[in-house]
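What follows is subunit A paired twice: with subunit B in the first complex and subunit C in the second.
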Partner chain A sequence: MFTYLVRRLIYVLPVAVGVSIICFLLVHIAPGDPLTAIMPVDATAEEQAAMRSAYGLDKPLPVQYAIWIGKAAMGDLGKSIATGRPVADEVFTAVRNSLLLAFSASVIAFPIGLFLGFLAGYFRDTIFDRLVTAIAITGVSVPNYWLGIVLVIIFSVQLGWLPSMGAGPGGSGEWTWDYAHVRHLILPAVTLAVVPIGIVARTVRALVGDIFSMDFVQALYAKGLRHGDVLRHVVRNAAPTALSVMGLQLGYLLGGSILIETVFNWPGSGFLLSNAIFQRDLPLLQGTILILSLFFVGMNLIVDVAQAAIDPRIKRS
Partner chain B sequence: MTETPLVEFNALKVRFKGERTVHAINGLSLSMQQGETLGLLGESGSGKSVTLKTLLRLLPPRRSEIEGSVRVNGTDITTLSGRALSAYRGREVSMVFQEPALALDPVYTIGDQIAETVMRHKGIGRHAAMDVALDMLTRVRIPSPERRLKNYPHEMSGGMRQRAMIALALACRPKLLLADEPTTALDATVQIQILLLLRELQREFGMGVIFVTHDIGVAVEVSDRIAVMYAGNIVETGTTRDVIKNPRHPYTRGLLAANLHGAVKGERLDAIPGSPPALEELPSACSFAPRCAFARPQCLSGLPPVTDLGDGHSVACVLEHPAFDERSREALPV
Partner chain C sequence: MALKRLKGAALAALSVAVLASGSVQGWAAGTLRVGMTAADIPLTTGQTDQGGEGMRFMGYTVYDSLIEWDLTSADKASVLIPGLATEWSVDPDDQTKWTLKIREGVTFHDGSPFTAQDAVWNFEKLLNPDSEQYDPRQSAQGKSRIPAVASYKALDDYTLEITTTTPDATLPYQLAWILMSSKANWEAKGKNWEEVAKDPSGTGPWKLTGFVPRERAELVPNTAYWDETRIPKLDKMILMPLPEPNARTAALLSGQVDWIEAPAPDTIPALTGNGFEVVSNAYPHNWTWHLSRLDDSPWNDIRVRKAANLAIDREGLKQLLGGLAVPAKGFLPPSSQWFGNPTFDVKYDPEAAKALLAEAGYGPDKPLKVKALISPSGSGQMLPLPMNEYVQQSLAEVGIEVEFMVVEWNQMINLWRAGAADPSVDGSQSINFTYFIQDPFTGLIRHLSCDLIAPNGTNWGHYCDEEMQDLFNQIKTTFDPEAQDAVLRKTHEKFVNEALFLMVTHDVAPRAMSPKVDGFVQAQNWYQNFSGITIEE
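Showing the complex of A and B:
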């Protein structure tokens, strides 16, 4: 198991390097000059050139990449062009807020998804199964930013129960676990949970339905096991796949919440990213994408290792 | 007979409901003595596997209807449920499945899977149950059984898996073992080893065995008696010797002829023309008549009578009935 872990860690390295190159290139391929956003319109050519060399933008791309990645490895992602603050600090705060939102959404979504999916798979081809399938398809298909707006209209505007903006009272960036802050978390977390509920429910339904129709389930009954014991076997068989789906969903939630964070003004990585895009804040954009991508790579690693740990069919040696 | 029969089917009918109704078993009656090995022979779809699954009550309860009675050691098992049913399964009667790769749980070790059933039925602890599992693996002659106990099914070869499956089925010393084509999925050389092992264990434990197969050679090899199934019923039954040497039902004769043994190269192989009926309706006449070279008008007008030929040899065919008279053909409308 340990050698497997080490080998998987080594495999991650080239992936991480590839991801960083793509992050870097994507940002440079995107149209628009980052300087136009911060320079006065009437800046002279000399002033522009000075600014360009100050940010290292006058050097060839490979050199820029080498400098950037070298510093990034030391924890320095440069300074934000728009705010002048260190990118690492901005990304750190934002990612922490996004993680909070992603985990909260997972805590809502995974138990509901697992529960609905398991029951639908168990009662396959019954009315309950069709109901769950309908819920799952709706959850996956409804645009979640639209749903977010609808929830804001109902619960914030009409009923006035919950706040609709920010991560705390007065738009403060500092998170604490108190009622005033948690109130801000509810709407975005619920909105974000809808898609993973659908995906987890659908996957688990298919999984459990397939396992129940396998020969070994009949063989378990044939050797005299009670219903509860058979369910335990089914759960154990379904666990590795269910776990990997949930792990990947958590990764998606972290990076894919841009729209939700924008709708709710949640100061997370998605919010930061969309600001960085609109302000052509190159270092901030690169840094945020890099950190999010590495999180996703890391999540995949965790899922693979966890799967190998609980599924004997995956070769560990 | 004074001894309670091990198994007694009495006019068993099994019907599957759903989009299409299928009459899988149609009035099957058969009895089997303690310690006997019965070869259940027939084509795919003749109801062999359904018969076995009925014995273990493995048919989906919502979609199947069972009529008639099935007694195992005198108890009607068609009415068992809940605790009594799970106490019966695996302890009184257990089953070796056709495809051990699919019938073993892929994420539990072999040892765990055997120990689990022993713990359930014998009420002993995990440690003692593991000892039983080890003993069983030794009995089915799996090499280095201590190590295999910790193996997962995918870490074993096909023959080894089937041995493990047999060890699992016999761990609680059932009085009846159901073997559903246990050698079909295996290599020819491994097939013979598994057959010999089953026969040896059957003698050692003195249990009854119902051995389902479509291979006459296999049936002859292992069984004391043979029952030939067609379209959800038994068309002929008797001692292996009687059925092979003196087959009376045209279907049995056809099966014996449709065999590669002794075939001459270049000559056309014998085969039974046509295919088995779909059984969407309850048969009201001889199901084999449409494919039978000896069919008479009577065959299509009613169910064939069962004739006892003595010595436990019986056949369900008009031609063998004492009342049958060739001249009666003229008397009947064609």
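Showing the complex of A and C:
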């Protein structure tokens, strides 16, 4: 297991470096100018040149990359061009808020998805199976930003039960687990949970259905195992793939909630990223993408290790 | 792309669904909660960022300038009034030398007095990179606003002398940009602007008592403000960045904010149908096509320029914008003090347009083809895609075929800076770039001055005309305000009579608010006065 873990950790390094190069290049290839965010549009060419030099944007790209990655390796992601605040502070605050949202959505989505998927797989080709499949396909197909707007209209505007935006009455800096704050979390978390519910349910349904039709299940019954024991084998065989899907979904939830965070004005990494893109705030953009990709890589690593722990065949391969 | 779809879907959904919504709840207790369009709290240290909105909410609230804009009237055009300087005059013998009398008895929020030395200290903060207090962030915002300033000195505590590089009568307008921060506070914060940002100190009617970056800022009244008529009546004002228009509207409808800036036109019926008030007023903004005047540009022919201006049904466009627009009659809004009496009537007359095009050699067999640079969104651009498509259709009806080059807003700014001759604009012969046109320089001079041809300045189209240059020079050398206004009117008349732009419309700065909000007077200005506002508890 230790060797496996070390091997997987070594794989993470080139992936992280590759991600950092790609994200650096992508943000530089995009047309636009980060100075737009910090200078009046009619600033003179001379003033722009001075500012470009002050931010090191006049240096060759490889030099800029080397400086950036060198500092990033030491934990210094630089300062946002648009706000002047340290990127690390901005990103970690936003990631913390996104994690809060992503984990809340996961807590809603994964049990429901697993439960529905398992039942649908178990009762395959029954009316219940078809109902769950319909729910799952709807969940995956409905644009979640649209759903978010509909939920806001119903629960915030019409009924006035839940707030439509923000991360608490005093902002995310004062987050506590009381109702005044948690009510801000409900609508975005539910909206965000809809897609993973569908994906997890569909995956688990297919897995459980397939496993039940495998020869070894018949063999287990033939050996005289009780139904409950057979189910345990089915679950154990389905777990690695289900875990992998849930791990990836958690990664997507964290990095892929730009639209939801925009709809609900949730001060998370997606919201930060979208603002950084529009402002061409290169340090902020690079820092956010890097942290999110490292988180994604980290999630994959955790899932891989967990899979290996559950299923020894993976470790051997 | 998804964000664009989101916007469309959301506007439609909100408009339809919210019409039927019921009562609105709120919990304000003397607190006004404002949803801004900005994505972040504007820079708090003095010279603000985030454009006009930054100055509106974090500039003229927390700070003062030496000379300010009068924000008290909704009916008449906004003019300059004394701020931290009570009077100013230019030396008749040396018209580069200005003397300003500093208002006595003014203190910063930290209690330190404001003197002429503080004004000098603030100029150094922006203009002198060798000074201890030089702040690149504030300099980036402020330096380009005061190009005339060459030097400055305090003659005594309450007398400031400013010398300009050349005689420049627009200096008072330039000074209205420059906001005064406290030296004592900067020193108390370890001479560190990042620390000042968390707890700034100005002389303005509001004090910043705290902010969470990207989420909220809280302002409370400065009860010791030097102008008693502008001491805020509210207990508190909370500013929240809400860049997404639907999130802003939903926040207002659900009672999370009491006021939103720039509601999307599609949501106006839903807002007014639910008892919310939508206020708007003319202000110095325009939505035009800035035309290329390079040698090969078809816009060099005045008949073509006039024809295009006569081809647009601006009333129809106003309907498209839910009534939230002032149809252009010139480059400046008709209510501007500098509008004058142009002889060319900017109106909808397609037959006259066709006749002018025929005279210029174009017709059904030989349509005029032009290429126009536009963006799908952008600060102050109103609804650029449908509006440009409307203009395209209008022009097509008189025989002008428009091909669009569409670029994202940030890139658009670069192409605007680059100018019509730059290869990056790919032969485009116009650019749809909305303008802040509040003072003589930003309103008129910067667009057409020969010495500001892009990329050295903001004359995108490379226009250069001796008579116009002479008028610009007169503006700068006419020190009597009334006489200067007369020159400005004459200059604007030339803008219109020669149809130097495709003049389409002006924004009206709509803002929606809860019926509990009272006492707001929307000045014809980019900035506003929030002191007279009250809120029903």
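Please note the rule applied: the second predicted complex is superposed on the first by the 309 of 317 C-alpha atoms of A that agree within 3 Å, B and C clash if a C-alpha of one lies under 4 Å from a C-alpha of the other, contacts with A are read in each partner's own complex, and residues count from 1 in each chain.
Criterion: contacts are C-beta pairs under 8 Å (C-beta built on N, C-alpha and C of every residue); 3 or more make two chains touch, one makes a residue touch a chain.
Keep in mind that what you see is a predicted model, and the values were worked out from it rather than measured.
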| item | value |
| --- | --- |
| Side-by-side fit of subunit B and subunit C on subunit A, or clash | fit |
| Contacts of A:E47 with subunit B and subunit C, given as first, second, both or neither | second |
| Contacts of A:G224 with subunit B and subunit C, given as first, second, both or neither | first |
| First, second, both or neither for A:V150, with subunit B first and subunit C second | second |
| Subunit B versus subunit C as contact partner of A:P267, first or second or both or neither | second |
| Partner chain(s) touched by A:V17 [first = subunit B, second = subunit C, both, neither] | neither |
| First, second, both or neither for A:F216, with subunit B first and subunit C second | first |
| When both partners are placed on the shared chain, which of subunit B and subunit C touches more of subunit A | C |
| Which superposed partner A:L61 touches (first subunit B, second subunit C, both, neither) | neither |
| Shortest span in Å between Cα atoms of subunit B and of subunit C, once chain A is used as the common reference | 43 |
| Shared subunit A surface residues [contacts with subunit B and with subunit C] | none |
| Subunit A - residues contacting subunit B, complex | 214-216, 218-226, 229, 233, 236-237, 240, 311-313 |
| Residues of subunit B that touch subunit A when the two form their complex | 56, 58, 83, 86-91, 94-95, 97, 99, 102-109, 116-117, 120-121, 152, 154, 168-169, 172 |
| Subunit A contact footprint on subunit C (complex, rising order) | 2-3, 5-6, 9-10, 13-14, 17-18, 20-25, 39-40, 43, 49, 51, 136-137, 140-141, 143-145, 194, 197, 212-216, 240, 242-244, 246-247, 250-251, 253-256, 407-411, 413-414, 416-417, 442, 446, 455-458 |
| Contacting residues of subunit A [partner subunit C, same complex] | 31-33, 36-45, 47-48, 51, 54, 82-85, 90, 93, 143, 145-146, 149-150, 152-153, 156-158, 160, 163-167, 170-173, 258-259, 262-265, 267, 271-272, 274-275, 278-280 |
